[in-house]
Amino acid sequence: MDEIPYDVKPHPVTGVYNAKLGIWLFLASEVMLFGALFSSYVLLRVGADTWPHGYDLLNVQLATLNTAVLIGSSVTVVMAWASLKLNDLSKAKVWLWLTVVLAGVFLVVKAFEYGAKFEHHISPATDNFYATYFTITGLHGLHVIGGIIAFLVLLIRGDKMWQDDSEHFTNRVECCGLYWHFVDLVWIFLFPTLYLL
Amino acid sequence: MSAEHDHHSEAHGHHEQSFVQKYVFSVDHKVIGIQYTISALFFLLFGFCLMMMMRWQLAYPGEALPLIGTWFSEANMPGGVMVPEFYNQLGAMHGTIMVFMGVVPLAVGGFGNYVLPLQIGAPDMAFPKLNMASFWVFLPGGVIMLASFFVEGGAAQSGWTSYAPLANIAPAGQTWWLVGMIFLITSSLLGSINFIVTTVQLRAEGLSYFRLPFFVWAQFVTSFLLLLAFPPLEAAGILQLMDRVAGTSFFLPAGLVITGQPLEVAGGGSPLLWQHLFWFLAHPEVYVLILPAMGIVSEIVANNTRRPLWGYRTLVYSVIFLGFMSFIVWAHHMFMTGMGTAMSTFFQATTMIISIPSVIILTALALSFHGGSIRFNTPMLFALTFIPMFAIGGLTGLPLGLTAADLHLHDTYYVIGHFHYVVAPGTVFALLAGIYYWFPKVTGRKMSEGLGKIHFWLSLIGMNVVFMPMFSIGMAGVSRRLYDQTQYAYGAQVQELTIIGSYGAWLLGVAQIFFIINLIKSIRGGEKVESDNPWQATTLEWATPTPPPHGNFTEVPKVYRDPYEYSVPGAKSDFTPQFSEEG
Amino acid sequence: MIKQTIRVLGALGLGLALVSDVVAGGGIAGTVTFTDGPQKRRTLKLAADPVCASKHTEAVKSEALLVGEGNAMQNVFVYVSKGLEGKTFDVPAEPAVLDQQGCLYAPRVMGVMAGQKIKILNNDGTLHNVHPKPKINKEFNLAMPKFMKVKEVSLDKPEVMIPVKCDVHPWMSGHIGVLTHPYHSVTGSVGTYNLADLPAGSYTLTAWHEVFGSKSQDVTVSDGGSVTADFAFALADLKKK
Amino acid sequence: MQQEVYGYWLPLNVSAHGEVIDQLINVLHVFMLALFVGWGVFFIHCLIRYRSGANPTATYDPIKAKLSKYVEIFVVVFEAFLLVGLSMPVWSQFKADLPAESEAVEIHVMAEQFAWNVHYPGADGVFGRKAPQFVTPENLLGLDPDDTNGKDDFNSINNLHVPVNRPILIRLTSKDVIHSFKVPVLRLTQDAIPGQEIPFWFEATKTGGFDIACAQLCGLGHYRMRGQLNIQTQADFEAWLAEQVEEEDDGGFAF
Amino acid sequence: MAESAEEIRHHIAVYKKVGLALAALTVVTVAASYLHIDSVAMTVTIALFIASIKGALVACYFMHLIDERAIIYWVLIITAVFFLVLMFVPLLSEADSVGI
């Protein structure tokens, strides 16, 4: 007995393969992590005497652009998975590259946003609005970087993985995709709470 | 994420595994379990030694620590006498080490890793590489914690709870504590994902949820607690780290004056936010400590009473209910922070409710003894002592959960006595029982019964001599975390009890020497076990060869019946294993 | 012991040889006065710690402003604030002593050289914690429980002044001035100070008081000469500070 | 004297609300003891009666345990009684029914590392405004020098004087970290949270001097953050107040 | 999950629609924020309502939650319960505080 069961094929009863359940559990813990940060944000904001409006201080245009970019990347990554399901590796790779590029664009835009703040000597220490802004978007940015690394690994080792076991590779793309959608989802809530309220 | 690719290559190169692959960066759940166990035992010993030093200062405040006092730096122990800063470091690190680096890694990382896949008939954990990563994130976390003793200003000294703002303005050791915690939390998260997936996906054929050994249930619920309760503490850790490093003020209100000088921060933060986020983890954490212990005790009790556990399903429902409720009682740690009547009523009520499943579990365990044929071997002695000790710990929780009584008892030694009864003679006894119980499966040898019994009786006496007087000390009103309680009239009044407690602690230390000797001696020269199932137990881990090889089972296991089929009327022996076809 | 003495003497000799021009210098002396005369002093709440209260037989008054006969102002720190840049001086081997007596700092104001050892004493039989709040030097917070009678520390960077507090006894307040040279003095009960053996040159001299802040004046010192520089503080300085 | 106040169980109670708390604690412990002993007797009986020597074959079928069910139900009901009948009334009296400011003696307590600053309103009975930026070694409370209400205010360090048999309303704050105001003889613990002002009250029933402790770790001097609670007769208290007011200055400079 | 090529093609069509819907909703969110409604509660409700719709679209279609296995739903339900506890109980505690 050496093989781990249901590593690739779904379990007959639960209907999912191991990694899929694993990634969902991971996302559950991520929900609690970002949930705690959101909870802190709400508590601090409700308790504060004054709290600035995000749109007065932050660049809404750039953030809107970034929202669109991230939504786009969610579409591309799900397209990559669908292409693999249709047995089209080369198309899937194009979609994955597109995802990485969009994630890169997101980070570059973010870097410009941060840079503009630092130029005006605004830092997390300025006040609690900026403290939450930098902390939560920073942590979200780290998640984006994590996603980029995961996709690059899939791209670089993709051909070999596909040859070894195409279903396994498709599963991996699906799992990374689920993670990526979650990163997108967090941003969908971050964008209005930080920038628009 | 999964390791299938490597499994192919491993299948070919099975015999050529290097030492490093096999024992250091192993992906085998059993090796990882042993790694966790050994490191956790080491950390437990370390944390225990910190406590023994504190007990000297408590008993004889301001007197030089004999023998070893001069080993420490001039900053910590000038002339062998402990300074208050060092005392606070010992206190904070004792708590942190025991909880996060000792008991949880031993109960979940050690026992969970080794036993759980065996008990459900799995070849390994669902994600072996993730399992390895979990250990190799845990260890650096532990090392960072220990190393923090050597940074300037010493280790964290704001209590294991690290309450803001005290922790925000503490020396650099606190930053190390936070970084270490983030490592430990990450490790726990990786582990808990693995446990849940393994339990859900890899159970052997025929092993339905209600045929799972109770230990697996306990681990399963524990994993959910870790998975969902730890991230908020990770978030809190990140926020405090930002406060300390980036100058934010998440936990700092405006207008703080630290030793006469205004603190230059933006302000607007909330010190209570830290407490909410901390206790959101730390209360479930209590159940993370106690549930695996209950699991171990149940296994051993069923095995040594030679009859099924009383009310298996009730036990399972209770443990699920406990896990659920543990998330909504946390603010009973915060009754004295200025909480109003509505919230305090809610949290009192939930606290009272959570005591009910505990009572049910204890009753079920006690009823299991009725009609049994009880064997008193060392694991059983430790396991059955868990029950009254946990009962004391649980009962003394009641006065603390009622706000009116808490008005007097909050943050006194009564609290210390209460949770140590739950964790030390409770959980730690159960963990020791587990070591004695599963030792033959791991090594193929039994531990010495003689040494084991000396260890047990000395530990039992030591434990109670340390912790029983604390109820009286607390009732007299002595606050916790006092470097020298004789400063207060009522503290001086009960100082004798503290001295007695300290002797109990040192006796407990002496008792552990027998355990260490027993461990070392038995690994090399313990009595060899004749069968793969020396305790004549019913659960799946005893179906494996001893010690279990890579992949665990020689043939695919199949389960035919409930977990604790002992003394079935008409069966040919007094135990009918889950994996046995006939019966 | 003998070895150490020889080493100290040797170091001193070497130091003298290196800065031998200093010996031939002049001195500055003077008096600091408080023109508005003695003021009302607050009573310290020593009852907060029975141990502290038991060290005194009568009510203890604040020592923040001590004005003696002829308006002599005590506890003013007078030092050369400009004119000695680039010169190096030996750090005295003798430690400066900061005592805690009856829950008060003695002396209340003191000067040391950067790197000089400061010996902190505690014979009060209670917990003190010595907590300087420097801006440039490293902050430390040193608990001295009753059994800890002596502790040596040092401050490595020049900084005037570093407030010292005891967190257990909030009224305890002291100040330490850290300089790179030995030309500093604290006025005593007659309000005088004396800076001897200064090399010839032009200097800025500053007098600092914990309540009334700093005042400076320029002085020129010639070889062998001695200069007088007096300072006067008044209630009016409170507003300017 | 000390012998009578403090012992190995609950210390002397000198507060009006403490009696109910003592009652709760004692009832609770009798209940706990009864439960533990009853349960322990059964447990030890089982261990002896069903040891393998005495009972070589175990019974497979679970015993019918009606009694355990009754015990569990009793525990639930009793806990509900403790909660609703004993604990909640005390708490709501303590938290919701603050005494009216007109009848209570109001005192502000400001905790710092490592001392209790007690702020009395002085002769006018009105507290001066406090703000952190005014804190100096001479002005530990941070009284606003421009606020005339604060001119006659005075503070004492670690010494809380209160009259006996009158409701005392304390507003508790902290300058730096979290402290906790604890007086065992008053059956009282209240955290001092920086950035918050928390009101609480008590009524002392006996005169005497008792320890005030800090119950929340607040740093290296935590163990020494001891204050003195002086419960005096109304006359003594007024005499003490007058003495303090006299000592305060008349508005001129003082150092 | 052995979906046929036909089903996958159908999925792809859905993905494209959802992507467009998300883009459109982003525009709506930003536009709504320019209204500067006086009521804070209203502003928050609108912003979070639109965000919730967007989140639901991503979760349901991109993450396939609309037809997922029971085990995943269980995990998410438990998480959602504790998430709500984490969001609201500290806030309620803060509101019920006797301190000022």
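For reference, chains read A, B, C, D and E in written order, and residue numbers begin at 1 within each chain.
Methods note: contacts are C-beta pairs under 8 Å (C-beta built on N, C-alpha and C of every residue); 3 or more make two chains touch, one makes a residue touch a chain.
Fair warning: this is a prediction, and the values are worked out from it, not measured in the lab.
Novice: Among the other chains, which touch chain C and chain E together?
Specialist: Output, common partners of chain C and chain E: B, D.
Novice: Spell out the chains that contact chain B while also contacting chain E.
Specialist: In this structure, the chains that contact chain E and also chain B are A, D.
Novice: Based on which chains touch which, give the shortest step count from chain B to chain D.
Specialist: Contact-graph shortest path, chain B to chain D, evaluates to 1.
Novice: Centre to centre, using CA atoms, which chain is the farthest one from chain D?
Specialist: For chain D, the chain whose C-alpha mean is farthest off is A.
Novice: Tell me, please, which chain's centre (mean of its C-alpha atoms) is farthest from the centre of chain B?
Specialist: Max centre-to-centre separation from chain B belongs to C.
Novice: Given the contact rule stated at the top, which pair of chains has the most C-beta pairs in contact?
Specialist: Top-ranked chain pair by contacting C-beta pairs: B-D.
Novice: Find me the chain with the mean Cα position closest to the mean of all the protein Cα atoms on display.
Specialist: B
Novice: Centre to centre, by mean C-alpha position, how many angstrom separate chain A and chain B?
Specialist: So the centroids are 34 Å from each other.
Novice: Mind checking the centre-to-centre distance between chain C and chain D? Centres are C-alpha means, answer in whole Å.
Specialist: The mean C-alpha positions of chain C and chain D differ by 44 Å.
Novice: What is the distance, in whole Å, between the centres of chain A and chain D, each centre taken as the mean of its C-alpha atoms?
Specialist: Distance between chain centres: 49 Å.
Novice: Identify all positions of chain E at which a residue touches two or more other chains, and write them in rising order.
Specialist: 71, 78-79, 82, 86, 90, 94, 97-99
Novice: On chain C, where are the residues touching two or more other chains?
Specialist: As it turns out, chain C has residues touching two or more other chains at 127, 141, 143, 165, 167, 170.
Novice: Indicate the residues of chain D shared as contacts by at least two other chains.
Specialist: 95, 112-113, 137, 193, 196, 198, 219-221, 224, in rising order.
Novice: Please give all chain pairs that are in touch with each other.
Specialist: Applying the touch criterion to every chain pair yields A-B, A-E, B-C, B-D, B-E, C-D, D-E.
Novice: Write out the stretch or stretches of chain D touching chain B in their complex.
Specialist: Residues 2-3, 5-11, 18, 20-21, 24-25, 28-29, 32, 35-36, 39-40, 42-43, 46-47, 50-52, 55-60, 62-63, 65, 68, 71-72, 75-76, 79-80, 82-83, 86-88, 90-92, 94-96, 112-113, 131-133, 135-137, 142, 175-178, 180, 182, 184-185, 187-191, 193-196, 198, 211, 213-224, 226 of chain D touch chain B in their complex.
Novice: Taking the complex as given, what residues does chain E use to touch chain A?
Specialist: My answer: residues 1, 3, 5, 8-9, 11-12, 15-16, 18-19, 22-23, 26, 29-30, 32-33, 43-44, 47-48, 50-51, 54-55, 58-59, 62-63, 69-72, 75-76, 78-79, 82-83, 86-87, 90-91, 94.
Novice: So in the complex, which bits of chain E are touching chain D?
Specialist: Where chain E meets chain D, its residues are 97-100.
Novice: Show me the residue ranges of chain E that touch chain B in the complex, using the header's touch definition.
Specialist: Against chain B, chain E makes touches at 71, 78-79, 82, 85-86, 89-90, 92-94, 96-99.
Novice: Given the complex with chain E, which residues does chain A contribute to the contact?
Specialist: Answer in residue numbers: 10, 14-16, 20-21, 24-25, 28, 31-32, 35-36, 38-39, 42-43, 46-47, 55, 60, 64, 67-68, 71-72, 74-75, 78-79, 82, 85-86, 177-178, 181-182, 184-185, 188-189, 191-193, 195-197.
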